[in-house]
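In structure tokens below, several structures.
The same chain A turns up in both complexes below, where it pairs with chain B and then with chain C.
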Partner chain A sequence: MIANFIDGPLWYFSQAVFAIGIIWKILSLIVGKKKSDLSVARGSSVPGAIRTIFSRFIPDKGMASHIKLQIIAGYLFHLGLFALLFFAAPHVRFLDENFLGFSWITLPHWGFIVAAQVAFLGLLLLFLHRLMHQVTRLISSTGDYLASIITFIVMLTGCLALLEEFSELRLLHRFSVEIFLIYFPFSSLMHAFTFVPSRAFTGAWFGRRGIKS
Partner chain B sequence: MDALKRSSKTITSLNVNLSLLVCFIVIIFAMLSFSPVFAAEGKLGNSNTATHQLGVKSPATDLWRAVRNRDFGGSKGMSSTSQIKSLGANTFINVKGQEWRKFRQNWLLPYGGYFLVSVVGFLFFLYVVIKKVKIPNGRSGKSVSRLSTMQRVSHWFMVILIGFMALTGLLLLFGRLVAIPVLGLDGFAFVASASKESHNVFGPLVIVSLLLMLIYFIQHNWPAKGDIKWLFSLGGLLSKKHLKIGFFNAGEKLLFWFTIWLGVVLSITGLLLLFPYYEQTEAYTQLAIAIHAIAALLLIAIAFAHVWMVVTIEGTMDAMKDGNVDENWAKYHHSRWYEETTVANKALDVDAHVEEMSSSESRKEGVYQ
Partner chain C sequence: MSERLERGVEALRGQIDSKVNAFFSSCVNCGICAESCLFYTETQDPRYTPIYKTEPLRKVWKEEFTFWGKFSKKLGLTKSLCEEDLSSWEELVYDGCSMCGRCSMVCPVGIDVADMIYRVKQGLEASGYSPQSLVAAADRAIEFGSPMGNILPALKAHIKHIEADTGLTVPIDVEGVDYMTTISANEIVTFPEYIAALTRIFHHAGVTWTISSEAFEATNSGLQLGDNKIAAELIERIVAAAEKLKVKYIVSPECGHAYSAIRWNGPNFIGRGYKFGVVHILELLDELYHDGRLKLSGMETSKLTFHDPCQLVRRGGVDAQPQELLASVAENIVVMKEHGRMNWCCGGGGGVSAIERAEEIRIKVFNRKKSQLDELNVETVVTACSNCRTVLEDGLDANNMEIPVLGLTELIAEHLVVSDSVSSKSAGSQPLMDAKSSAVSPVPVITKKTMNTDKSSSSKSQKSISDTEDNLKKIEGIGPKIEEILKVGGITTFSKLSTSQYDDLKALLNEAGSRYKMHNPTTWPQQAELANKGAWDELSDLQDRLLGGR
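What follows is the complex of A and B.
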């Protein structure tokens, strides 16, 4: 009964919320009212946008020494999660069978384990730093903690189901993914989709004013 | 003086309750020896006797016993030749697995269980008897900075990992005894699978947490003046004088080093179990499991004791929440560290004041020139 619900209606509902939510959010960014810039352009906005999209991957020199943990743990978590999401064999197989109809090279079992460990290490350190540092604690909202906790649960249930022998564990993982998908568009997790337009917008604005950033 | 009076009151109450403590320990052991869970486990190990009670002797019994008892070239178990070249492929029947099973069921599980239950029971007894040790003179309202963000991050990182590893490890060790009656066989099957997989994934992260703890805490955990006195006076309980303690007392230092060394043992044996491909014999694997389990039980017991200390002594947890402690707590529990910190802070203040004065003087000179 519960299994049918998780594999059936809840799965379709969560996908619909995820897809519609993301499209709606991105469209609202594009279509939304913007102040028109009346100043005389000192440079082109396109190179500025492209430059900023990539330059933001490298931490600012002045800040780097103060935020070593956030940089290291941030990269560990995001790279580990990327590898898990797109190169774990069960995920690639799932995408191939249900959505795409083609597959690509996958991580070996040990690679999957290492990617999971790297992602867990980064996520736990970032979460604890958010909680322990006086400034980050002040500027963090409940949604920030919730996003981290839900992501952790999704990763954890994925690891619990690693053997792929028990349907209960697979269902637990799928259920956590469904909660994640429903929560995603309404949370700070949206940065996975908005970081590119956000950086591009800032970069274009800087580029138009002749600022190299 | 008030603080000393309070501590002497605690000592008196402890002496009064010493007889209660002895009674409690005797009761715990008596209860455990009649515990149906461990008694049932003891019977599992002697399953051979159950077959004899049937009074029917299988004709194959003698044959297989003879096969099992053959001893070729000093190795226990019957040897033969095999096309397979893997380790142990030439052994027909390996009796070491059965011996290991007996050790696990007759020694490791019952005595490990007795040990853990006794420790938890003893700590609960102490919690009930001692109650909360209040900060003498109450909270002052002034705070002293004690731990940095990274120190707290590394501590809680270890807490999460050790907690998770302990939970999954205990489920793997005692799960058949404790979890099957609750979850049933099917329920326990997937819990055990999930525990094993996650235990293996999170295990190597414990090494990272040990390294972080070493980096951020080792400077406060070297032996220092007053440690021996602290140990001999049982943390000041048997001392009439108030002991002057530095950043950590000897008990906290022992906790740190026990955690590190037990963590190292757990990491090495855990890695041996994770990668059983490097010409390891079963004997080494079994030894690694035994050492891993014993070290884990010790570490869990130490962790429980640590939790009891934190819960019992008012104000201790503050340091791990926001890095600050109350001034009265610092004066009472770590007076030498408090004095050193205040002197250092005053010196910094004086330096800053002198610098400010000299810069304002030079500014004035500049103006007059």
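What follows is the complex of A and C.
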């Protein structure tokens, strides 16, 4: 009964919330109020926007030594998660069968384990940093902690679900993913999409002033 | 909700557009921006974290533009923005942010935090939570045309001196020329040598130019305060003057804030583009240099570094020109580890230097610049912003560092090849720093030795005259150190001070070291005359109208 609910209505509902939430946010950014700039541009905004979308993947050299932990943990977590999300065999199979109709190269079992460990390590370090550093302690909201915890649970249940003979574990993973999908559009997890327009806005601003940002 | 709070919330609400929405939706509260901000690094107080300074705006955004915010507001789970928030953020935003924009360069999700802080300023200002010193400066700008009051007479006096010194004419209100030059109040009051430098350079390069007596002030108190109406009114005056004089370009002074105000923000403040161009003085000088119209000779040999003004380099895009110009007159340039668009601010931008109560934190955050300079061990600092210059001099002074700070335009002027037609008493191919050290003073010379290292003898000499001297500290603008300089220079009484000439006082200050150059003695004789007569009430009235003795 619960299994049917998780595999059925809740699954479709969570996907709908996720998709509508993201489309809504992106649309609101596109059609939302924007201030036009009447000053004469020195450079172009589009190349500036594109540049900044990519340049912010690399931290500033002078800053790097002061934010070592955030850089290392951030990279570990995001790269590990990316590998798991798009190259774990069950995910590729799932996407192939349910959405895309094609597949691509997948991680071997040991690769999965490494990616998972890397992602866990990164997430834990970021979480500890959030808890312990005076700055992040002050600025973090309940939502930030919740987002980390939900992501952690999704990853943990995902690892457990690898033991596919227990369908309860697969179900548990799917359930946690559903919670994640529903929570996603209402939280700072949205940065996974909005970082692009955010960087683009800033890059465009700097670009028209002829500044590399 | 009080009417005041309502105004603040309304103004903050009006700031929320797609950009703000994208920024707040993306912030992961990683805290990285804290490490880019000198107010945090030098105080280690997490409240100075850049994104934390935008909290009032974030609160309004969350509550009115997000699902959870609206939902929890309905359930009464959130604490809405209140007056206490506005009151405590006033200090964080105005005193604790120089609008340097460094945080905007490092945020991994690309948030332009400085832009959002300016939006918060607008909310605070609308609700009346803004520093009194900035409000008063803006009032003076609206009433008298400059944040320092009516300084047209001071400008005219300086022009007279410049014309006498150089034999050149400083064109006022001339129609149909190419360039209308604007000047910052600080340049008029503290660094008039900038105007002299411009006069000589423009004559040398054959530039046709003028200063408008109606709109010469380039700084914009509205921008510092976060009041776009005031900002627009001040820009309109410059635009009207430029249109009236039918000039092709407005030249912004070195001051980075002034440049941002007129070049980038101005058209947006007034809601229309200009019919003329705007160039920064260094852009113009660089162009003249490349066109071969600026003939320079001689090289500075002392070890120097350039302090990049944030609004000019990081936020204004005038990056290469200062480097090129400096390299054309100096051969021993060293760069700070973090320079150019990633430079560290002096700590006084965005109006911080004009907020009296912010002095303590400004001096504290100057430690960042101090350590940069300590690493380089330079003999001179060159910059291209009169505000940076004042703040650097103050900071160096507070740290007992004897490093002169020079303006780039003046340095260029000192290296002009002197044509026969220009008679400049100070120009020449001799490097500026050398020329300075060998200058003959028309007044008693106070060496650095007597000022700083030989304190015992200086205090002895003071003691010997102390029986007959007045307390010159009663004069606004004179503190213990300047009193000592004046007394060692022979000005021991109100009576002597009241008959002293501006030039002599200025020379005494200049001779005492770079840190005293920023002081302006214009009103000291007038104040001293009142003190000498015992007219203390009149003196007090006069001092009420003055700002730091100016």
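The rule is short, and it goes like this: the second predicted complex is superposed on the first by the 213 of 213 C-alpha atoms of A that agree within 3 Å, B and C clash if a C-alpha of one lies under 4 Å from a C-alpha of the other, contacts with A are read in each partner's own complex, and residues count from 1 in each chain.
Assume contacts are C-beta pairs under 8 Å (C-beta built on N, C-alpha and C of every residue); 3 or more make two chains touch, one makes a residue touch a chain.
As the structure is a prediction and not an experimental result, all values here were calculated from the model.
**Q** Once chain A of both complexes is superposed, is A:L95 in touch with chain B (first), chain C (second), both, or neither?
**A** After superposing on A, A:L95 lies clear of both chain B and chain C.
**Q** In the superposed arrangement, which partner chain does A:H133 touch: chain B (first), chain C (second), both, or neither?
**A** Once the two structures are laid over each other on A, A:H133 reaches both partners.
**Q** Of the partners chain B and chain C, which touch A:L146 in the superposed model: first, second, both, neither?
**A** Neither partner.
**Q** May I ask you to decide whether A:E168 touches chain B, chain C, both, or neither, giving the answer as first, second, both or neither?
**A** Touch status of A:E168: first partner only.
**Q** Once chain A of both complexes is superposed, is A:I50 in touch with chain B (first), chain C (second), both, or neither?
**A** neither
**Q** Between chain B (first) and chain C (second), which, if any, makes contact with A:V17: first, second, both or neither?
**A** In the superposed model, A:V17 contacts neither chain B nor chain C.
**Q** Once the shared chain is lined up, is A:S188 touching chain B (first), chain C (second), both, or neither of them?
**A** second
**Q** Using the touch definition from the top, say if A:L85 reaches chain B (first), chain C (second), both or neither.
**A** neither
**Q** Look at the residues of chain A and decide whether chain B or chain C touches more of them.
**A** For chain A, the partner with the higher number of touched residues is C.
**Q** Need the overlap of the two footprints on chain A, from chain B and from chain C, as residue ranges.
**A** The answer is residues 133-134 of chain A.
**Q** Which chain A residues qualify as touching chain B in the complex?
**A** Listed in rising order, the residues of chain A that touch chain B are 69, 113, 116-117, 120-121, 124-125, 128-129, 131-134, 156, 159-163, 165-166, 168-169.
**Q** Can you check the complex and tell me which residues of chain C touch chain A?
**A** Residue positions touching the partner: 16-19, 21-23, 25-32, 34-36, 40, 44, 46-47, 49, 51-52, 66-68, 104-112, 115, 263-268, 271-274, 277-278, 314-317, 319, 337-338, 341-342.
**Q** Would you pull the chain B residues touching chain A in the complex into a rising list?
**A** Against chain A, the touching part of chain B is residues 149-150, 152-153, 156-157, 160, 189-190, 193-194, 197-198, 200-202, 204-205, 208, 322-323.
**Q** What does chain A use to touch chain C in their complex?
**A** 25, 28-30, 32-35, 37-40, 42-43, 52-53, 56, 59-60, 62-63, 66-67, 70, 74, 130, 133-141, 143-144, 186, 188, 190-191, 194-195, 197-203, 205, 209-213
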